[in-house]
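Order of writing sets the labels: A, B and C. Residues in every chain begin at 1.
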Amino acid sequence: MFIRRLGAIGAVAALTFTMAACGSDDTTDTADGGDTGTGEDTGAGGDDGAMMDSLRIGIKFDQPGLGLREGDAYTGFDVQVAEYIAGQLGVDAANIEWVEAPSAQRETLLETDQVDLVVATYSITDERKERVSFAGPYFIAGQGLLVRADETEITGPDTLEGKVLCSVTGSTPAQRIADEYPGVQLQEYGTYSECLPALLSGQIDAITTDDTILAGYAAQDQYAGQLKLAGEPFSEERYGVGTQKGSELCQEVNAAIEAMIEEGAWEQAVQDTLGAADFTPGPGNPPEVVEDCA
Amino acid sequence: MSVQAVLFDAPGPRARRRHLILTIVGTLLVLGILGVVVWQLNEKNQFEAFLWEPFTYPDTWTEYIIPGLVNTLRAAAVSIVFAMVFGVLFGMGRLSHVRPVRWVCGVIVEFFRSVPVLLMMIFTFFFYVRSLGMPGTTASFWAVVTGLTLYNGSVIAELVRSGVHQLPAGQGEAGLAVGLTEGQTLRIIKLPQALTAMLPALMSQLVVVLKDSALGTFITYPELISAARQLGSRYANILPAYVVAAVIFIVLNFLLTTVAARVERWISLRGHTAGAPTAAASNLVAGARAGAPGEFGTNVLDHVEEEIHEHRHHPRHPRDPGGADRT
Amino acid sequence: MIDILTEYDILGAFWKTIQLAFFSAIGSLVLGTILAVFRVSPVAVLRNIGASYVNITRNTPLTLILIFCSLALFGVLGYALAPRESPTYIVDNAFRWAVIGLSIYHAAFVCEALRSGVNTVPVGQAEAARAIGLTFGQSLSQVILPQAFRGAIAPLGSVLIALIKNTTVAAIISVPEAAALMRVIIENETGSLIVFFIFALGFVILTLPVGIGFTSLSRRLAVKR
């Protein structure tokens, strides 16, 4: 009874939404997808290299230095990479439709054809490769530590015994710290932005996650001179561009990433977005593009 | 005359002195706590201009706060409408003279009242995304609406039931006497009266819905708190952003409660609804309403007696239908 | 199905939920009683303090109250509720702040429940108490409040049920209780409907006896008039 009822409610809700969508602001999404059909064209394939006039790209909206929505503008390294790739595919930056891609929803966004590309601190893993075709990597990040500028005790993961670290609830870096460094106390918050005030006021000793994300915060004007990255990265996260499984687009993205690195635009983008944090990309950067879009 | 007013006489000289001391102590206590908090926040640089300045930028409001607020209101509005439909259907179901219908509706209503809204939201969110393939933002909206509808709908179902139960027996008897069926009596005679009497309770239920929509932030629904979080990420001022969100919630809910109290007064002034909430009140409660005018927020709090009196396993409690339980 | 039961500590999570509810119930009852006394006291300032408290906390989402506890009071102002040296410093601290946040929020409802209980006491009781010369404090503590508690049992039961369900919101500040675990399980496993029903059932089991118990209690303790 319950099951059927829940199902029915779900169905009714879905139905209502479909109807509502016709008259609401969601129309633009649907219309865009329908008109240009980028996803389907490239996915169903064959007409390789056909010029596209628009792209739907999933990025982070709340990650300073990587993907940040600032009113109606978007800034950050991922955004610049995405714009460069779009340019190589013949799409003007103005014709990119930015879609928010929270970590947990990235595969779903691609699988349900809501975006063509995901450029959102998206680590290439075998598990994800089953659902998504990766191009790249376009960056090799690693788990790092962000500390107060005057911190001297913390110099790497081995110096964390008894320290209080902050990360996002249930995230991979949080899990790794909990598993591999049992002497560490882990404070979990909903977002890294919530860790920062606690770090500055001394309640926690370090924030841990990908060094790119940390550099993005350290590079924010408001934190200028107050934060630094400590030690070498202690994991390897290979950021890839997610495309729909089997998409023809993937090879073109690979070529675009290679061009970006070769041309020096990659270096420039790192400087522009994360440079203010005195951030030097870890070993292996700029990366060699090795993904075969499988 | 209310208990509150008889608890103490007009104070004599000694009592006046004692009251003065208590007044001073109370004032100092509040000012002291506020002072310490402000001072400490200042110590931690929480009043620096860059943290608060963004709230003077127009796009802070147009790009973050207002869209977030609109999403909050949208989810609340859709939920309260659905909840009313759900509530009236299941409330009638529980009053049905067909035993299985009554029983099934009863189980469903009791079930959804016992399950935390957050659990329902988490479950439905993943269900919509995985099983129905909904996009994330759409799924989160409908997950919020589903959670709020099922819970608040069940509460409203109870309100409907207790509202109908409280109507004078003569109402139903009169209906039957003029040849209406049981069902017709319920629909034509009892339900409209019960619903009118319920109006203020429905409005205070809207406060519950509005507050609970904030749980949507846990499943990435872009409501006010999520918007505050994004804003705080952009300007590195997450705490001030949450403070602003809280103030907006407080003001909004305060206005709603005030309107609810007005509506209630209006209904009881009209006075010809047989099952008006005042039936609930002992003369004391009614007295308390009149008492202590000028006390801050008295009119708002009038409502509380109704809100609090409802009790799940007390269907025939001689109190009001105006009880809303809340989270 | 069996995997889920053995792999995840569901009972442990519910034990956390019960602990949260238990300590918060005590906290909110104490704070709520103090506020209720404030609200019926002869001193205008105290009445205003009580009223403002109730108006502010009742109208703020619990989510925000808990975030403020964890982020502002602990994260920024540094009020830690566990010894820094303890190996479970952060875990204990988060749990205790959750208890405080839940108590702060529900105290407002307890206060209003008691106030409504005060209003069930006939005026004659207060008049009699005053007539035999009891002071405000005496008539309140000897005559009015004992009856008010009894009159307020049913609404207090509703508050307790709401409190038990609201412990789930502590998941937002990373307290490992039932809702947090359910989210993890649903994210990692298939068969989310069954998982949901297991957890939902847990809450039905927790709240149902409370409802029944308080109803019979309120009948038994009802002041005969």
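The working rule: a contact is a pair of C-beta atoms (placed from the backbone, for glycine too) under 8 Å apart; a residue touches a chain by one contact, two chains touch by 3 or more.
Bear in mind that the values here come from a model prediction, so they are computed numbers and not experimental data.
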Item to check | Centroid-based (C-alpha) most distant chain relative to chain B | outcome: A
Checklist outcome for this item: Winner on contact count, chain pair B-C
Item to check | Inter-centroid spacing, chain C versus chain A (mean Cα positions, whole Å) | outcome: 40
Checklist entry - Just how far, in Å, is the C-alpha centre of chain C from the one of chain B? => result 17
Checklist entry - On chain C, where are the residues touching two or more other chains? => result 67, 71, 76-77, 172, 187, 193
Checklist outcome for this item: Listed in rising order, chain A residues that touch 2 or more other chains are 2, 6, 104, 190, 194, 197, 201
Checklist entry - So which bits of chain B are touching at least two other chains? => result 44, 111, 127, 217, 238-239
Next on the checklist: Help me check something: in the complex, which residues belonging to chain C touch chain B?
Outcome noted: 40-49, 51-52, 54-56, 58-64, 67-68, 71-72, 76-77, 109, 112-113, 115-116, 118-123, 125-127, 130, 136, 139-140, 144, 152, 154-155, 157-159, 161-162, 165-169, 171-172, 178-179, 182-183, 186-187, 192-193, 195-196, 199-200, 203-204, 207-208, 211-212, 214-215, 218
Next on the checklist: Which residues of chain C touch chain A once you look at their complex with the stated criterion?
Outcome noted: 67, 70-71, 74-78, 80, 87, 89-90, 94, 172-174, 184, 187, 193, 197
Checklist entry - What does chain B use to touch chain A in their complex? => result 44-45, 50, 59, 62-63, 104, 108, 111, 124, 127-129, 131-138, 142, 145-146, 150, 217, 220, 229-230, 232-239
Checklist entry - Contact residues on chain A for chain B in the complex? => result 1-2, 5-6, 9-10, 13-14, 17, 26, 61-64, 68-72, 100, 102, 104-105, 108-109, 112, 114, 190-191, 193-194, 196-197, 200-201, 217, 220-223
Checklist outcome for this item: Listed in rising order, chain A residues that touch chain C in their complex are 2-3, 6, 104, 164, 169-170, 185-190, 194, 197-198, 201-204
